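These are the structures in question, set out in turn.
Two complexes, one shared chain (chain A), two partners (chain B, chain C).
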Partner chain A sequence: MRTSVALPASPASRTRPQSRQVFFRKKVVPWLFVLPILLINVAVVLGPALSAVYYSMTNWSGLGPAEWVGLANFQRLAADGAFRHAFTNNVVWLAMFLTIPVGMALGAASLLAPVKRGSLFFRMALFIPYVLPSVITANLWRALLSPDRGIPAALTDLGLPGFDRAFLGSPQTVLPAIGFVDNWHWWGFLMVLFLAAMQNIPRELYESARLDGAGRWREFMDITLPGIRPTLVFMILMTTIWSFLTFDYIWILTQGGPAGASEVLAVLVFKEAFRNYNAGYASALGLTLSFFVGIVISVFVVLRRRGWEI
Partner chain B sequence: MATTTTTTTTPPVLPPPKRGRMRREQSLAPNYTVLGALLVFALGPLLILSFNALKDRAELGSNPLGPPLQLNFANFAEAWEVGNFAVTTRNSAVLVAGTVAAVLFLGGMAAYSLAKLNLPGAGPLTMYLLIGSSLPIQLYLVPLFFAWQRLGLVNNLFGLILIYVATNAPFAVFLLRSYMLQIPSDFEDAARVDGASEWQVFSRVVVPLSWPGFLTVGLVVALSVWNEFLLATVFLTEQHLFTIVTSYANFATRFSRDWSLTSAAALMMILPIVAIFLLLQRRFIDGLTQGGLKG
Partner chain C sequence: MNVGIERPLRWLAVAGLVALSPLAAVLPTRAQEPAEIQMWFDTTGGSETADCIVANAVDPFNARGGAVSVRATMQANNWDATRTAIAGGAGPDIVGTPGPSFVAQLAQAGQLVPLSAFAEQYGWADRFVPWALDLGRVNGELYSVPSEIETLVLYYNATLFEENGWEVPRTMDELMTLAQTIDEAGIIPFAHANAEWRAANEWFVGEFLNHGAGPEKVYQALTGELPWTDADFVAAIEMLNQMQQNGWFMGGLDRYYTATTDERLAAFGEGEAAMNIEGSWFMQDVNAFFGEEAGNENDWGWAPVPSTDGEPSYTLGIGQTYSINGNSANPEAVAEFIDYLFSPDTQAALVTQCGLPPAPVELDPADLADLDPRHAELLGALNEASAANDYGYTTWTFWPPETETYLYEEVEKVWAGEVTAEQYLQGHQERFDAEREAGAVPPIPAR
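Take a look at the complex of A and B:
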């Protein structure tokens, strides 16, 4: 960090060419190191993101010239039933992912934290689904959930009621079913994060709690949860953001179907842009989506400024 | 591999309090039970996948979930042919190699500047990368696609590599920076006194000393590129450019009833990933949990 140690040139003793050299070495060279990747990032992310703001106010199809339409896209969006439906699905998705994976991961991590024998094995094995590509996971579960020869069929054969249905094919169950598949791949990652945080909690806290006669539940509530709060809050924030952006599993499994039942905002953007060639409207949707993400982040930042310890 | 990083080994000295010892020994049985059940949940589907890859079609019809009664390896060769794996593996490998090389090289340079060179404007740059990394891809995807189309970078592996480099850049820069910050400045200062240029300090001193960071970033980026779906679907639409992932998506739709074939293809795709993961799991997990926070 302190480059000045190497170059102790006091202003008085500096001659002109030296000071130019120093300027080059201290101001220009650092930027030369940053520039290549920064330019690529600007070309891919910042430039298109800014032009999305412009295109969102045009009726651009993606191919021809773009015609300025002002806020028409946003007016259309406000009245668009598909948009509201997709937004609702994102909220349902958020509710599922804030509860089920977080609960499973917290439970498993707190069970695994005191385990010594086989700890590494469990951590590794439960993490494996997270490293698999989404197309594999999605298609594997499409087969496993198939009503005629998948797991539901086997359970029905065993005489269990309620499994004789196409979970991915019916509008009532499709969203939870996709959520189930996505969660299969996701929760192990969350568990490993929580576990790492829990292993940083000083063991003595548990020892003394046990001396005080605290049970498992009290230990969890009084020591474990407060001990991992930064990680927990951060992952809740990220889950909230990602829930608005979710795409892969829904697109691969149903493309938003049946009859739009599993459509979410990201799927809508994709369809409008690349199926219906409404690049202008798709940009408006994308911008709105980013706006929601921005709100989530702002709420988080404001709460933290207000002194919430999150 | 054998180093235990996280477990704070409690000294086994404390004479356990009266009820404490009994309780602790008893108390792990339910832990193992629940964890075992979760293990079945996590790995059971993969076991069924492996079973089905080894069954012929007749057996699969009568026994879609259980272990195979006869081992049949013909599915793999057929899936390799039908799924055009020779081409798709090559495409994926080019994308991974190109992206990893560029991200490590260019990201390493940027990280060096941020960590060691007192970059004027480091604050705003960090802010930019942070905001850039939290922008949803759906925001810039549409204009990016049509811009890339005009530049001839759609259906072009290089065009997609550029995008992957950009989207992986913030993560790589931040993680590499944190590794480089841990290197004491004395080494670089000594090199500078000896007349080394910043480039030489970077390539001869800092990179060799922070190689674990490069390995971690390389693994995480390689995994994310290998598995990436959305961008590969949008930017590579010609069949001869399909990646292993996008081609499997088509393959699985085309042969959706032929589980032995799709399972064999899937198994071939995931075995290398799982093998590398198991070999280097600590580095993977560290990298993925340290800020490689992706959905």
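Take a look at the complex of A and C:
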């Protein structure tokens, strides 16, 4: 005959279910919320990315089976003049976008920051180009840059020299011309971000500086720039990444022409994959592109870990 | 309650149903649903043509109420979408490709259904022009049928020619001399530009190779008997380069690269430009740029692109092919629709109602009575050239893909003075050799 003796519950046994609940709530539930997006990410980002690594070592045409070729695509890439040319164009593009739009946006934002009346209007007017689809912006500017009926024609009629030319049709001017169009839509976005960051800088700092006799330039260099440094550095990082990935404006306006003068790496990847049917080689190009972007991100991460306030 | 009898009866009924179920699957229990097949239509440049094909081919087919119905899906960048879908084991039942070289790739990858049995069943060998049908063969097996037979011709502003007393050129030398005369008169000789279709370069490269060096030499080069660096090919590319350097295409290279299609064709119709080497597909739109509809009093004419000896010559091309997707659940239904699509009646409707280039099938002239007589004349000339086996070779039909892309992209470096015609053709030879070795060159019909 078995008898049972009722023992007093120990503190440990009383808290075990509670600690399980806490563990579930803190460790499991967040993952359950993240799980759907994680699965989607694995399906549409991680999976294709890993398959690109595999295909970069094959001669896959984009159809049918792929044959393993090892590092042959990367060897080809090292000797490919088109790759070097496209990479050089990307570097030129990067130089344009790290200077012109950033400078324009900083200038406009610091001028607009003290403006109270009508500031919303200016912000909206400068931001609107950013929300226009690239295909519309590009075709609009294609017409506006026409040497026979666009802005260059009007300036030529006014007697200004140097405008009787098709800026998108000359190998010497095509890349700056596309850069101009892309910048037209881009710099307003930068300006709005910088303006928002500037408006978070305490006004007292400017007042103190003025009392100390600082001028606008001194204020900008010693208060504004340090005050928006995290935003500025982040946008420089993003601009660098996007400059390597740039594709849409170039493809819509010139498809890399004339004579390859506006060809950048993303255009080369597209052509190899969808025009020349060298999907394996295109994957190798894409991986190389990712490698460059990875270097930029790594530098950013390392600097942050070393205590840089960026 | 008679449980002892009921339970075995139940089991007997179940066993009977199970035994009869395969039979039930094949016996129609109600009116048979038609087999639905999918066809994708390209809408990249607008959906008007696609809508017209649906109205004149798909809808009448479905209205017959047969055992097959076609579901039309509009698709931008149709070919890229189709390739991607097929690679993923899906895609439309009817696969349209931009030309025979793409069929070879798909067929070699096992992604298309062989068509020889259907060709025999429907008698396609008697319906299609033999050389065009043979272009769809890969290692002897038929994988595609040809659609849209095309050529390039010299369109000219007939009013301008008449006013200035210019003769339509018959030889390449006459063409050069006339272009010089037109240029000196302050008129743009050719309404050519590639801003909206960079591959337009290949129209001119292809025409100059075929009409400058001659189609026989192109045939020899395509079959590997002659190098692409032959002196006649070099001379042809140099002649084209000379025209560009003279600014005869829209007034200069920069204009050639930036003028839109509407701008160049408006210039042609208005008489600011005198000539235009373009495909037979332009017949569909040419009247929009001339006469009352365009707000001018000009008229147009066409002539074969001049040749070296002055004899009329046409480069022939296939604008599109149709195949059956290897992933299709119902290849027989697809074949039935393809047969309908390429029937002379349907093709005549597509030509007259949609302005499409016809497939290489024989059409009844009575069915084309509504066509502009100049268009009908061109179709007749095409048929004659095709039947006589005396034609040149369009790059998008007879060239392998990578070599074709090289041909139209790298020629801009010749025009920019970065490479010579010889260097350009040497690079062309290297790509052609590589693709020929890989079996990517479409089957070239014997001359």
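For the reader, a short list of remarks on this structure follows.
Just so we're on the same page, the second predicted complex is superposed on the first by the 276 of 310 C-alpha atoms of A that agree within 3 Å, B and C clash if a C-alpha of one lies under 4 Å from a C-alpha of the other, contacts with A are read in each partner's own complex, and residues count from 1 in each chain.
Everything below uses one rule, namely that contacts are C-beta pairs under 8 Å (C-beta built on N, C-alpha and C of every residue); 3 or more make two chains touch, one makes a residue touch a chain.
None of these values were measured; they are calculated from a predicted model.
Bringing the complexes onto one copy of chain A puts chain B in a clash with chain C. When the two structures are aligned on the shared chain, A:F274 is found in touch with chain B and with chain C. Contacts of A:Q255 after superposition on the shared chain: chain C is touched, whereas chain B is not. Contacts of A:P147 after superposition on the shared chain: chain C is touched, whereas chain B is not. When the two structures are aligned on the shared chain, A:G179 is found in touch with neither chain B nor chain C.
By the touch criterion defined above, A:P129 lies against chain B but remains apart from chain C after alignment on the C-alpha atoms of chain A.
Using the contact criterion defined above for the overlaid structures, shared-chain residue A:G227 touches neither chain B nor chain C, since it reaches no partner. By the document's definition of touching, of the two partners only chain B reaches A:Q199; chain C does not. Using the contact criterion defined above for the overlaid structures, shared-chain residue A:P101 touches neither chain B nor chain C, since it reaches no partner. Once the two complexes are overlaid on the shared chain, A:P171 sits against chain C while remaining clear of chain B.
Looking at the superposition, the partner that touches the larger set of chain A residues, chain B or chain C, turns out to be B. Aligning on the C-alpha atoms of chain A brings chain C into conflict with chain B at a single listed stretch, 77-85, out of 5-13, 23-31 or 77-85.
When the two complexes are laid over each other on chain A, chain A has residues 62-63, 142, 274 in contact with both chain B and chain C.
The part of chain A that touches chain C in the complex is made up of residues 61-65, 142, 145-148, 165-166, 168-171, 254-261, 271, 274-278. Within the complex formed with chain A, the chain B residues making contact are 6-8, 10, 14, 17, 20, 23-24, 27-28, 30-32, 34-35, 38-39, 41-43, 45-46, 48-49, 52, 61, 64-65, 103, 106-107, 109-110, 112-121, 125, 128-129, 132, 134-147, 162-163, 165-167, 169-170, 173, 181, 185, 188-189, 192-193, 198, 202, 223, 226-227, 229-230, 234, 244-246, 248-249, 252, 256, 259, 262-263, 266, 269-270, 273-274, 277-278, 281, 284-285, 288-289, 293, 295. For chain A in complex with chain B, the residues that touch the partner chain are 1-3, 5-7, 25-27, 29-31, 33-34, 36-38, 40-41, 43-49, 51-52, 55, 62-63, 104, 107-108, 111-112, 114-116, 118-119, 122-136, 139-144, 149-151, 153-154, 184, 188-189, 192-193, 196, 199-200, 202-204, 207, 210-211, 216, 238, 241-242, 244-248, 251-252, 265-266, 269-270, 273-274, 279, 282-283, 285-287, 289-290, 293, 297. Those residues of chain C lying in contact with chain A across their complex are 80, 83, 86-87, 105-106, 108-111, 194-195, 198, 253-258, 260, 263, 401-402, 405, 409, 412-413, 415-416, 418.
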